[in-house]
Amino acid sequence: MTPEARARLDRLLAANAIFLALIAVWLVGAAVSDAFLMPNYLFNVVRQIAPVGIAAIGVTYVMILGGVDLSIGAVISLTAVFCAVQMDGDAANTLPAILLTCLVGMAIGAINGALVAFSRVTPFILTLGTAVAVYGLTQIYSGGTARGEVAPGFRDLANTRLDGLVPVLAIVFVALAALGLAVQKTTSFGRRLFLIGSNPQAALLSGLPVRRTTVIAYAVSGLFGALGGIALLARSGVSSTSAGQGLEFQVLAAVVLGGTTFEGGRGGIAGTVAGVLVLVMAFNLVNIVGLDYHLQLVVMGAIIILASALYGHLQARTGRA
Amino acid sequence: DQAARDAQDKAAAETVDTSRFKEEPPYKIGVSAGYLSNSWVVFALQHIRWEASKHPEVEEVIVTDAAFNPAKQVSDIEDLLRQDIDLLLYWPVDDAAIADVLQRAVDAGVPTINTGGGFTDSPGTIANAYISQWSLGEDVARRLMEDLDGKGKIIAMLPIAGTTAAVDQLDALKTVLKEYPEVELLTAEYGDWNRAKAKQITENLLQRYPRIDGVFSPAGQMSIGVAEAFEEAGRLDEVTMSPGDEYNGWLKWVAEHRQGGAVTFPTRAGQVAVQKGLKILKGEPVTRGTAVKDPFISPENVDAHVDMEAPDDWWASELPPEFLPER
Amino acid sequence: MALAGRSGAAAPLAVLRRLDLSVTGIWILLAVVIALAAIGLPQFREPENLANIVRQSTVLGMLAIGQTFVILAGLIDLSVGMATGLVVVLTCALVDGEAAMTLPVAILMLLLGAGIGAVNGLLANLFRIHPLILTFGMLFILQGAIFTYADRSVGRASEPLQTLANGDILGIPIAGIAVLVVLAGAHLLITRTRFGHHLVAVGGHAENARRAGVNVARIRFLAFTLSGLSAGLAGLILAGRLGTGYPLAGTGLELDAIVAVVLGGTALSGGRGSVIRSVAGVLVLSLASNLLNLLEVSAFVQTFTKGLIVVAVILANQPRRAAAS
Amino acid sequence: MQPATPLLEVRALARHYAGVAALRGVDLSAVAGEVHAVVGANGAGKSTLMNLLSGTVAPSAGEILIDGRPAGPLTPALAREIGIATVYQEFSLVPQLTVARNVFLGREPLKAGTARRLGAVDEARMVADTAALLQRHHLALDPQSVVEGLSVAQQQMVELARALAGSSRVLILDEPTAVLSLAEQRNLFEIIARLKADGLLILYVSHRLEEVLEVADRVTVLRDGALVATRPAAGLDLEELVTLMVGETGRHRAPPRPAGGEGRIELHYRRGDAEGRIRLDPGEIVGLGGLVGAGRTSLGRALCGLGRGDTEVSVRWDGETIQCNSPAAAMRAGFVYLTEDRKRDGLFANLDILTNTSAAALSQFARAGFLNRRRERRQCSELLQRMRLAARSLDMPVDQLSGGNQQKVVFGRALLRGPRLLVCDEPTRGVDIGAKAEIYDLLEELAGQGVAVLVISSEIEELLALTSRIVVMRDRRIVTELPTAETDEAAVLLAASGGPEGQMETKQ
């Protein structure tokens, strides 16, 4: 192989490492349990990841931009409760409630975005702070019980399987991911995210609307957070005021596994979706193998480290940071 | 085991010397919550407020939230003591972790009452309005065994690993299982009191085990998630759900499926704790422990308890409307 | 080490401009909070309350010191909370109330903490993983390790451990003194030694530090090891404070430590900051919690307020100029 | 005394990057007391060779010998130990640290006694030694100032000071003069002369060929990663050297154009109490000269909406006032600034060439927010082809291009916008002769199309060759304006370095 072709192959591998990891996890899964060969189960996996996966789409945008959104777990918690309250057990409220919830998520995201865009603070800590504030807000709003009641029919619709096979929630997730991917690949907004993430100074000098793009990206993250919250509500009803707590780290792990780095300027939604799938399949795998709870944790941790290491190694092979 | 529980019953029946805590009103009650972001705790707290409102000598109720962090709970109690409270009600993140600071409270003349936890036999805890996770677990386990006719394969869904609740429930289940050699415990999983998590775990268990006859799940909040997973897999018929607790979402499920029922986990504990505390402050004798228990809610009489209008995350209780949390 | 802006311009406005809030902000904040509390709340001034605040700050103080090392080096360590938890569980289990066991177990635990950090350091050097992800993975592994060992509170802290955590000499909490001693050592290590110089250089610009002949891998390894060691120290104090090996004792501590470090003006991008200001950041967090409790702010509003405070302080603390990237 | 073995010898040294042979089997030998220049076009492999010698990059093949003995695998620390000191082409300091700490980074002096074993640094000695070192080499810097607060030229001096600290036998200078003012350059040459007399071997990389012929004893020419020749400098002239480098002679330059008309565009400049004015016409190229730090960059940036508060520029175009207080507004007005610092705010380093080129012109390829990617590719590739960009494909990451080609990409980005006024800050910095000529052609072509061009440059010949007028700045003031046809290098230098007071008044 010529060095030229070799380099191209390496680049290709590095860019797609997460898909290899996904296939590897799936093959291991198939070897262990034939559940991994059953469409029914696989669709179920997709449905399981819907809340985390949907939220991860938005966070991917923010991370391509060189930011991060750790308030996403709190947003999921708040919006799940908020949506249930708005529905108030009446089918007629379903659509208005969903729209209003999306607005709330977007508003919180926009506040994050504005704070990041008009200051020089590290988004990591900033969104950690807003996470605590939003979490407090949820508690104040709900008084500690996840009040509100899901509209009749809403959860049934989300959980039915078309043709008895493909769950509606899974379809919604795939559709949102496809939409996210299209925006990332074909719009100037998507392109601007990469440019700003790669070098914000150069982006400014190129006349790109850095602040506006930042605010929008975070608002979109908030929006997808709200959609994740709604998906959580659809999947399991709402049973506490902190249902989304800790999900931000799963989201983060998935996004980074998918090849979107903290430095910004690289990665994308396709990788994120694969990253989410790897995480959930790995978790299910240890579950199915029947490892004890504590060993599940160990395996989770090891998978996060090893997958990232593999990914970093492939990237290093192509000589790029 | 049995001997230990007999000892506990004996300890609970002892009378407390309350003379050293005798105090003139008005009273300031401090409440140290291990966590507040939980509807059970919110209801228990409302019971405290309700009961306090009935006693004019109670001037104030101060509440702190440790958010599951035992170190913060130690700090919270230290801060409460600085505010000159006369009575400390608490429910712990972890009993042992706050034993020391509770002792300091007692030394400072502030009586301490465990509110809704398991019976705590330690000098730092003057009295208990306790709910025994162990006997709750035992009760749930026995009823499940009966419903299963003493044979079959079961799974257990427990709260956050490491918490007293998870530990005692599993202990109780295992103790009961010794009497039922034909029942096999396939696995014990931790659903963190989280309906979504319980559902996801169950979905995986459904892949792993071709047949599951029963589910041991004392927390109704998780029972719903478990039941949903079975239902969506079309395997609800094969399984017998254990009783849960009077979590409203679970009661709704029971009302709909006429199965399982509820071993109660009364939020009334808060009320009992205040009553006990006021007695102590007045120097009246009290027992070290009062077990708070309500009758078993069977699938047949669930209608008297369930509130179909109220949210899932809600508890059947006798709170008057003005003390109910906002819907 | 003052990072003065460019010189020139004399007007008072310029003086104000040159006031680098990332350096002075935490002190101003600390002063304001203390002044407000001292004036408005009589209970606050009681020596016992002040001692409480110090005691409440010690565990996080230790962790913040360790975290400052990693953050200065341009890294981050999310595993310290669970490492602290593991140390708490093992300490109580192994000591189990016996004073004589305290010293050997304490030494073992410090080694364990440092060892966990060393593993982080080795992995960080071996693989090209973002330290956030690496230590996030480690967090799970350590949590698994804790539950493998104990699924409930185990053991009992010994008398000396409890004295360390809660005792005092002449009214001054012993744990507070311990943190001060460690802090002094850490400060000297960072500002006065070759290792400290290299640590800051690696955080400032790793590649250029490497070109200057700094052994970057070694510095990263040591930074993680020190962070792990601080988790060991924090774990010993926390064991004494809780008196028992509660498996979840360390949950979430890592984030509080990071917030404290950032409140102290240490840049998450590495290369600038101070370990003293990190501990000041811890004090601000403890003071805020204490004040809100004394003010009887409702628990939910407290959470909300805490979030707002973090956001506000971070905004006030932002670096004067965007660092050349 | 004839040195029997060369001090430094390189045998068949090669380095491959993914898909690129940056250096393919180069042999080189150099003796002590020699200034050995290495020249070549952009991407010829000069920096790669230097990086191999300083241990920052590992060779793919070949060996390095010191005193005839193989040096083994080098690391930066090891290289310093055996006496190889380097001033890198790229910024290589730690910005947050002081000058003294940077100079001694990795070799901090330790205190005596017990403190030594604890690794305690003798800060006082470090500062004193740095001060002495700076003084010895006439470098006016405060050892305690923080590097990120220094100008680029001052930073370069810190790099030099660092290389001079300690005892070295080989000093590598990779384009040391690119950002230096003339006086600083002179000082550097004096330093080089002294070191040479002390018996050091100096490896000197530069694109300024006159300079090379002046300081070097021997010159090694690289082309495409391979050795072309090593020659004594004495026997070489410029033309010959250029032929060796690029395989053809440099192009003859067109004579300067006459000064333009009445000045339809007026740039008003204000910084503190200094005020001034620059006039130019569409289609004219005006130069902005001055020493490094004269304030030209600040002016250029302010013009395109990147002012830092203390610098204000307003524009009147045919009597109409144009606001340019943000980059986006400046862009809309058709003002484009081309940065002097590609790495910091020019390149999107990890993104591909295509994305880099179209970055400022996305709106041209977008409809309703969606990009027409086919059109984007077509237009960019046409443009870059016209600029003779040397790249395998447009999808290759831009940071794998050589400096000159990177500059072309940044240039292309500006052109794609169709600017009305183009400010080029040091447009040929670090660019080889061939690329330089191409860039000159481009600028002239643009002017021919009616674009007003303001060229900021520290190379006076460049200004003389390109412009019709040269505005000179000194100490952040506009001091004079010289018609190019009537001036020469000496006059510009005089005005820039503060000779007789400028003729033009800096009043309103």
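First chain written, first letter: the chains are A, B, C and D, and each begins at residue 1.
Here is the rule we use: a residue touches a chain if its C-beta (ideal position, glycine included) is under 8 Å from a C-beta of that chain, and two chains touch if they have at least 3 such contacts.
Only a predicted model underlies this, so the values are computations on that prediction, with no experimental measurement involved.
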Which two chains share the largest set of C-beta contact pairs: A-C
Chain whose average C-alpha position is farthest from subunit C's own: D
Separation of mean Cα positions, subunit D and subunit A [Å, integer]: 43
Inter-chain centre distance, subunit B versus subunit D - centres from mean C-alpha coordinates, in Å: 72
Gap in Å, rounded to a whole number, between the CA centres of subunit C and subunit A: 30
Junction residues of subunit B, two or more chains touched: 36, 161
Subunit D, residues touching no fewer than two other chains: 344
Junction residues of subunit A, two or more chains touched: 139, 143-144, 201, 293-294
Pairwise chain contacts under the document criterion: A-B, A-C, A-D, B-C, C-D
Subunit C-facing residues of subunit A, complex: 115, 119-122, 124-126, 128-137, 139-140, 143-144, 200-201, 249, 252-253, 256, 261-262, 292-305, 308-309, 312-313, 315-316
Subunit D to subunit A touching residues, read off their complex: 16-21, 304, 306, 327-328, 330-332, 337, 339, 344-351, 355, 359-360, 362-363, 365-366, 369-371, 373, 392, 397, 413, 417
List of subunit C residues in touch with subunit A within their complex: 123, 126-130, 132-134, 136-148, 151, 255, 258-259, 262, 267-269, 299-308, 310-311, 314-315, 317-319, 321-322, 325
Touching residues (chain side subunit B, partner subunit A) in the complex: 36-39, 41-43, 45, 161, 187-190, 193-196, 199-201, 203-205, 207-208, 221, 224-225, 228, 232, 249, 309-314, 325-327
Of all residues in subunit C, those that touch subunit D in their complex: 3-6, 192-198, 200-201, 203-205, 208-215, 271-272, 323-325
